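Chain nomenclature is as follows: A, B, C and D, assigned in order of appearance, with residue numbering initiated at 1 for each chain independently.
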Amino acid sequence: MKKIINKDSSIVDEMLSGYLSAYSRYYEPVNSNNSFTYKKRRKNKVSIVIGGGSGHEPLFSGFAGQGLADAVVCGNIFAAPNPQLIFETARAVDEGKGVLFIYGNYAGDNMNFDMAEELCDMEDIKTAHVRVWDDCASASKERYDSRRGVAGDVFVIKAAGAAADSGLSLEEVIRITEKTRDNINTIGLATSPGSIPGLNKPTFELGEDEIEFGMGLHGEPGIERTKMQDAGKLVERMYKELMTEMGLSSGDEVAVLVNGLGSTTLLELNIVYHELDKHIKSDGLIVHDSEIKSYCTCQEMGGFSITILKLDDEIKKYYNAPCFSPYYARGEIK
Amino acid sequence: MNRIGTDKVVEMIISACDSIIASKDYLTEVDSSIGDGDHGIGMSGGMLKAKEELTAKTPFEDINTVFKTAGMAMINSMGGASGVIFGSLFLGGIKKMDRITELDGNKFTVMMRKALEAVKDRGKAEVGDKTMVDALEPAVLAMEALDDKSDLKTVLKTASDAAGKGVEDSKKYIAKFGKAQYLGERAVGFQDAGATSVSIIFKAMYEYL
Amino acid sequence: MKKIINKDSSIVDEMLSGYLSAYSRYYEPVNSNNSFTYKKRRKNKVSIVIGGGSGHEPLFSGFAGQGLADAVVCGNIFAAPNPQLIFETARAVDEGKGVLFIYGNYAGDNMNFDMAEELCDMEDIKTAHVRVWDDCASASKERYDSRRGVAGDVFVIKAAGAAADSGLSLEEVIRITEKTRDNINTIGLATSPGSIPGLNKPTFELGEDEIEFGMGLHGEPGIERTKMQDAGKLVERMYKELMTEMGLSSGDEVAVLVNGLGSTTLLELNIVYHELDKHIKSDGLIVHDSEIKSYCTCQEMGGFSITILKLDDEIKKYYNAPCFSPYYARGEIK
Amino acid sequence: MNRIGTDKVVEMIISACDSIIASKDYLTEVDSSIGDGDHGIGMSGGMLKAKEELTAKTPFEDINTVFKTAGMAMINSMGGASGVIFGSLFLGGIKKMDRITELDGNKFTVMMRKALEAVKDRGKAEVGDKTMVDALEPAVLAMEALDDKSDLKTVLKTASDAAGKGVEDSKKYIAKFGKAQYLGERAVGFQDAGATSVSIIFKAMYEYL
């Protein structure tokens, strides 16, 4: 595994230093490169702070911007950021209207953000959090709150950013963000492992002709390991899983994201959408918006995920609001 | 050794740091089999930071500050689950404790009981959930079970042995936290990474004395 | 090599079918999926048509949109599109103001677009072309016109799209597009090969510990093959090549693009920019804008390229104009 | 065979198509060593389309339309350098030619001369540039060199042999076009993919008769 890096110990710092110099017109660091704020953020509103372990770029670092998050806190590779840094970042963007933390539902993140909220509390910074748990392959429906957060982060951040920008109260922003979160499900598929940079070690083992449904971003085992199959067969199985989970029916409006996990090409992801589109159409779902991107990755991991957000008029309103960051831009959708 | 002063406590903790740093690859190995393989990186990084700060700020005027410095250094450099958990291991014991400049077995036992509560409070894990609690709780219980807890060395030996056994027991469990929880039955047979770190820490402290 | 595809023979058609259904709000096909137009394109202006072989996504398919190209023509994998299709596409977007073709300088593309221009000529559609040849590793400075077009395509398309949208004549649009093209240079580096989907064959061989400077997107040999080195060393060498080529000096204004070739992670590309930034600053170049993206890829090829566009006030004006496509969006830069 | 009618010309070209289709992997192999490895895909795809159209539209009222149909099918299905080049190989010969319903050696020789000019005109390649011209031009020259060009079979045999030798010669050259040009000296020793296709086509036509 040839990685274009320097000293192992400085990988994350150099990555973020590069990111912040390339996009210095948008961002400025808070103390260290591991945390930064969006320069042109709207004032006098609820502040949105997102974060998590590094190595999944463009999440989370790429999602601060207009109509998105006000600040990002990045941890080490696959490790949640520390409470002090989260606290300092929240303090840097707090406008007295409250700070909402959005992050993936992982033990490490939960504990560090909880501790950060305690630190905020000591300084009378009003805080709340929404944990993203969209990966329906990671736990049963009953244990939804131990499911992992994956590509669904993007839709949740999008809605929260728009809700906050529209000047709503913290309580309202929380309600809309949670409602959006609860209408999102994702299922993934892995074809090959990523690796921890510098450690030069695959995050999991998978046979040359094998794939695994529902495997997690860090190689957490999924729901079934099978032989490689045609794109059509793979997508059919994943679509079925999502339908069983979400129970969508003809006429329901959805936003769809086909997300690459790292090294899987746009050519392949487009073919995935080609297959997905057949099922969506035959079930009579109405696609309000759809995207084919690699937003939530795990280094050079091979595979993809399908995320569906079920829309209602309220969610749609915030989904449609324009937003801009170097990695996530959308105009109004007519 | 019956009791030790502030400077020796610093040295004792630093020797625990060195032992973890030396075990980086081993801990990574352990975390790889059922976790995401970064426990060695996280722990060694945190312990390196703790050692730096202890070395820089020594001499300390009391033992409380020593533990606080180590705990804070870990939490704020490691991140991840282990940052908070192992930070709490050092911070939990000194919460609301009067200044002390001497550490004996009794005090250490009380501190570790409070540390255990802090860790469980933070992580909501119980023995059998395949976390570092599987090593920490038996260690605390064993220390408390001693009739005479005055001798620090004896207390640490007891903790180290019990923690080591706890690591063995952790192999039997299904994980309920961290990234191993998704493995279900498949996690059985593998020891928990954090529990391994706990036993390494106690063992190193004991051997220092 | 596990590729998420179906029948080999339909790879490109299914890819574009997926792309066009996912982004149907922006695009509509011209006869076949291999060519499509941007629905909301401005009327009554010079039309910009881009194209080339498929397999390099998001180029070219991702660069039709507001302030960009009006239509895209896609060939088979790594093969130029055919003259008939190019002609039909040009006819579909022609507004009587002339059609400008922009494509990479490859034998196949040159011949097919030339033949297409002859077909247009027969129907009195005024046409012209600008061939992109930014890869300074692919031929000597004297033989600039046999150099290959790579990531520099993006800047050329950007400028042409803005110039056309501003209502300039074909002659003026050509002048600005060529001027932009002539101020761009790119140098690449390969760490591992891509593969032709379905053929399951690497596009070239490279030792486990080797990299090659200046290697082409299809494995065309480069200027030097060496052992893998630190990111710092790699970037230093590439920066030197670019400086020798462009002879930039302190105070010059530039736009910079660090482009991933496929499977190289954003983490690595950010570290590349971190290194690049040091050289740029110490040479006193003024970075007007910078991007870290994977725009011009070759399937799962590993490696990256560095593109520099030397700006003057006129180029800057068109560079700064806002634009939007699913893969290339920019707001005004202040 | 001295001369053939329109239907036989269709069959002759279809047999050339079949021969290229059968050589898909071989041509890909050849293009891989110094090109980008897609020549086999392109040529077989184009020839498949040509065969389809010829089969669908047959019977044709003249030979001009047969060549036109094949050439257009290739150009508009293949794309790439070879699409235009090999399209011109079929289209170039019939440009401004009166309707013919019989093909003999003389006519074929004249057509291939015009085809050669069209290809060179389009691609600007000369013999020695490591392109299909390395096979096509010697074939044309050899046909023209025959005292008696009346017999189509003899003419095709001559073209086929000369093209085959041209492929061998192409190994000696440095490429000036296509993706191999960037190889410089490193391309020497490898035959050109397009030249290989030319000789396969002539050989198949000859063997059909």
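Methods note: a contact is a pair of C-beta atoms (placed from the backbone, for glycine too) under 8 Å apart; a residue touches a chain by one contact, two chains touch by 3 or more.
Everything numeric here is computed off the predicted structure, so don't read it as measured data.
Student: In this assembly, which chains make contact with subunit B and also with subunit C?
Tutor: The common neighbours are A.
Student: How far is the middle of subunit C from the middle of subunit D, if each middle is the mean of its Cα atoms, in Å?
Tutor: 33
Student: Provide the C-alpha centroid distance between subunit A and subunit D, rounded to the nearest whole angstrom.
Tutor: 54
Student: How many angstrom lie between the CA centroids of subunit A and subunit C, rounded to a whole number?
Tutor: Roughly 28 Å separates the two chain centres.
Student: Going by the touch rule set out above, what shape does the chain contact graph take here: line, ring, star, complete or other?
Tutor: Shape = line; chains linked end to end, path left open.
Student: Please output the residues of subunit C touching subunit D within their complex, sorted ascending.
Tutor: 9, 53, 75-85, 106-108, 111-112, 114-115, 138-139, 146, 148, 196, 199, 201, 203, 216, 218-221
Student: Along subunit C, where are the residues that touch subunit A in the complex?
Tutor: Residues in contact with subunit A: 2-6, 11, 14-19, 21-23, 25, 54-55, 57-58, 62, 66, 191-192, 197, 208-209, 211, 228, 230-232, 234, 256, 258, 262-277, 289-292, 297, 299-300, 302, 304, 324, 326, 329, 331, 333-334.
Student: In their shared complex, at which residues does subunit B touch subunit A?
Tutor: 28, 32, 36-38, 41-42, 45, 72, 75-85, 122-123, 177-179, 181-183, 186
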